[in-house]
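Heads up, there are several structures right after this.
Both complexes below contain subunit A, partnered by subunit B and then by subunit C.
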Partner chain A sequence: MAGLHHLYLTVGPARFRVASTWRQPLDQLAALYKDYPASQGGYADFTVRLEPEKPWRRYIRPSVHISGDFWLPDAAPLPLSQCLLAAEMGMNLQMALGWRRHLLLHASSVEKDGKALLMTGLSGSGKSTLSAMLAEKGWRFMGDEFALLNPDTGMVHSFPRLISLKNEAIAAMQAILPDSRFGPLLTGTPKGDIRHIIPPLDAVKRMADTAKPALLLFPRFGYDPVLRDMGKSEIFVRLTQASTNYVALGETGFQALTKFVDRVPTKAMDYQSGEQAEELIDSLWSQL
Partner chain B sequence: MMGDARPLIDALRAPETVLSLDGTGWTDLISIARAESLIGSLAHRLADVAVPEQIQPVLKDAIQAADLARRQALWEADCAGRALAPLNCNTVLMKGTAYVAADLDAGVGRSIGDLDIMVARDQLTAVEELLLDAGWEWVKPDPYDDQYYRDHMHELPPLIHRERDRMIDVHHTILPLTAGPTPNAGAMLDYAVRLDSGLYVMAPADMLLHSIAHLFADGDLAGGLRNLWDIDRLVRQFAGADELFWMELGVRAKLHQLEPHLARALRLTARLYATPVSENLSGSTNMTDHFYIRRLLARDGWGRENRKFTRQAFYIRSHWLRMPPLMLTRHLWTKWRKA
Partner chain C sequence: MSQLYRTTAPEGIIQRPLDSMTLIFQKSSGITHMIADPVPAILEVMAEDSLTARDVAQRLAVSYDLEDSENAADVVLARLAELCTLGLVEQV
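Right after this comes the complex of A and B.
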């Protein structure tokens, strides 16, 4: 059986060992995550595996099957040209299915003055792009995929992986960021075009710093700008759907989430441009 | 490095062996234990060992996950018990759920998936109706599969609860009807032990023999290390508490036609987990034990199954054991055409 190349990677509180049949995804990870802490003496929370779907698919139309300590039976393989995406999905999968130290909210988060703004919503709501944009405007980027809520302290922990931009958002960010901050353009993925951005260095250096959740937004891109109140029960139910480990945490998850919904001001926010969103966010933030 | 699942065996058998592991060794061990669904058992087993602080949170997670699994399994058993209450039949819990319901060592940290229960065969239709009424639904609405289960298997086709998303397997005996040995299901039900909840678990010897039947006669030994760990825990607890256990075990193994299976299981668990076993029942080392051990340990430090040829051989064997050759040919032909 073929040996595996591997590297270690630490993002926020999570330590990964990524093992792969091919060097390519690891070389890409090493370049994009070069400022992150690497091996912690060989210890890891999760192993991710990137292997050919069938042995001969290592060379012929190579396709990457994603698995690891935690896996899904029906995960579709990706072509080798999208191996960076496969690696990122593999790490996400470990977090989504295996992480228990925090309640995982499928949300982006940024911090200012020790307080966190969380943005959650369906794919296409713009939560990733907004967090990437705010990260260039004086906020500290904490993560674009998962916000980690500590059930004991109620604080949000940072999980600042590469920021994953999709389709139109790529051009929007290319207009304001240098090329050196971007990973390769991945075309024709199951989610369309994807390009990763390296978070600001400050976000990486301060990834152990926690923040108190101060505002939660449900952004929705493409509608006339407006802020709306939401009922607590609606917020609660939508957050249970936005959490990958709410059920797995049992009572702990329920306690953490009810406390969060009780304490954190929340709005639904419609917007049509980054400038509009920024204005709305600033107006809310100044009233906190 | 990266050879087989031996680091996991060593850690379970003699927890202090983990003290010599470096970071990579720990990461290998965790991957193997997760792949073999033994991470919760391992975490409990290491409770008194000075584990490096880098690994403590991983083990704590595993303990909490197992606690929740336990709670959910007991709740699921309770739900099934309430659904079947009108029938007044004895509902016997099996495998993981039985171990936690009876508070046995084998249940400590154990991962538990489906709910497995056993009822008398003449009650099957009534049980099926009550479960369907209480919100369970068929998982495989395929007529061939459905008929296959009903004609040849030891259980109903699997049912899943539409709200809780949990599976239940309703057994009427412990081995497929097409398998060689024919365990005495009636005697198992008669001997079953009533718990405070009103649900039943098998008597000690039967419980161990079911675990053994499950390991050998009904599978290709995938996940066999966990199954064998159950066997180790059950043997230690039952034999430790009752000096007549070995005698009883011999009698029940004969009754259920599982003597060779029992002997093999005792040899393997003694070999891998250093379980103290009765030599009268285990017999002496058999040449083929070596292949079983090779198969059981076929897992590398990345958590991958290796030794493909060995695994394939056991996979074919698992079908061979379940069905006579002509029937197997027909079955595989039908499955292939439908695939």
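Right after this comes the complex of A and C.
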């Protein structure tokens, strides 16, 4: 990887080497991840590569092509102004396609008293925003993208990357957090406007602490507030859809997921505001 | 109706009943199947024996109150054909 700049990052149990043609994404990552533990001995689980799509695109309308140990052949390159997003997408991609030590659930998670609340759902369900909001209200932030379920112990491991806020959620969190907690505003990305938040320091310091999954929610933003029961079959199917490595883990994944569905109370939660969601979550949490 | 069927490698599958559905994890393929009634009951009464569809229907009638016992063997035969396609049952 001659000619590339490098940065090593540790997030939860995963260690990344980010290699880039340009310094800019690495400088941005270094600033936003400054409180995360340093890599030990230059070892990494995954390498993310950010390089020009074609050699001349390093300078002329520079565009960042994301690759690494795992990559998607049809991933569209991003403009250099969105290089931070490219780096974050690259790290997500390595986890989604390559991580095998845990069952990966596409879910946000927060912890209180050693117990974890997981929230999963489609993009736009509000799982990232809710986790960011709860992290400012006495919960420990564990991750906004992936919850890592240990198949041996059933515990959830933290993966507290930067929190990725989209569109309306950006203003909502800007109202309660200082500017120093935010990364640059990225406009016109494939998912609209994106701005990252640095997780609370406590989330970073305690990222090795696991938690017992105690509640799973399927939030849905924009509907009258209500909690609904879900059948175990529906929960199971939706979690297989929410897991990027369920199939790859084979019997281990099956055992881990069936145990999880059997043991963890689950509700569908509709809500129209953060306050409503917090009320519903508090009412459920107090009954656990 | 004289065709015999048996379950393929019973030790090679893991069954987990959920609510109205049952999950079957097939170790040989790594595929998770989700099955509804009467398939779990068919697999249960077949145990490790080689049986015709009629035998299976008769065993089901002992344990379950079948709504249409006359056509039960046809229903079982259709399910056995599907289970053969999935590799959970094989013709003997």
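Observations
Here is the rule we go by: the second predicted complex is superposed on the first by the 286 of 288 C-alpha atoms of A that agree within 3 Å, B and C clash if a C-alpha of one lies under 4 Å from a C-alpha of the other, contacts with A are read in each partner's own complex, and residues count from 1 in each chain.
The rule we apply is simple: a residue touches a chain if its C-beta (ideal position, glycine included) is under 8 Å from a C-beta of that chain, and two chains touch if they have at least 3 such contacts.
The structure presented is a predicted model; accordingly, all values stated were derived computationally and were not measured.
Set against each other, subunit B and subunit C differ in how many residues of subunit A they touch, and the higher count belongs to B. Once the two complexes are laid over each other on the shared chain, residue contacts for A:155 go to neither subunit B nor subunit C.
Once chain A of one complex is fitted onto chain A of the other, the partner contacts of A:177 are absent, as it touches neither subunit B nor subunit C. Of the two partner chains placed by superposition, only subunit B is touched by A:47; subunit C is not. Of the two partner chains placed around the shared chain by superposition, subunit C is the only one that A:258 touches, whereas subunit B remains out of contact.
Within the superposed three-chain model, A:233 lies in touch with subunit C and out of touch with subunit B [touch as defined at top].
Legend: residue contacts after superposition of the two complexes on their common chain; A:250 is shown touching both subunit B and subunit C. In the superposed model, A:68 lies in contact with subunit B only, and not with subunit C.
Applying the stated contact rule after C-alpha superposition, one finds that A:284 touches neither subunit B nor subunit C. Subunit A uses residues 250 to touch subunit B in one structure and subunit C in the other. Across the complex, subunit A is touched by residues 14, 16, 18-21, 23, 25, 27, 30, 32, 34 of subunit C.
By the touch criterion given at the top, residues 1, 3-4, 17, 19, 39-45, 47, 49, 51, 68-70, 98-101, 248-250, 252 of subunit A touch subunit B in their complex.
Within the complex, the subunit A residues that touch subunit C are 231-233, 236-237, 240, 247, 250-251, 254-255, 258, 261. Interface of subunit B with subunit A (complex): residues 2, 22-27, 30-31, 34-35, 52, 54-55, 57-58, 61, 64-65, 68, 71, 300, 302-304, 306, 308.
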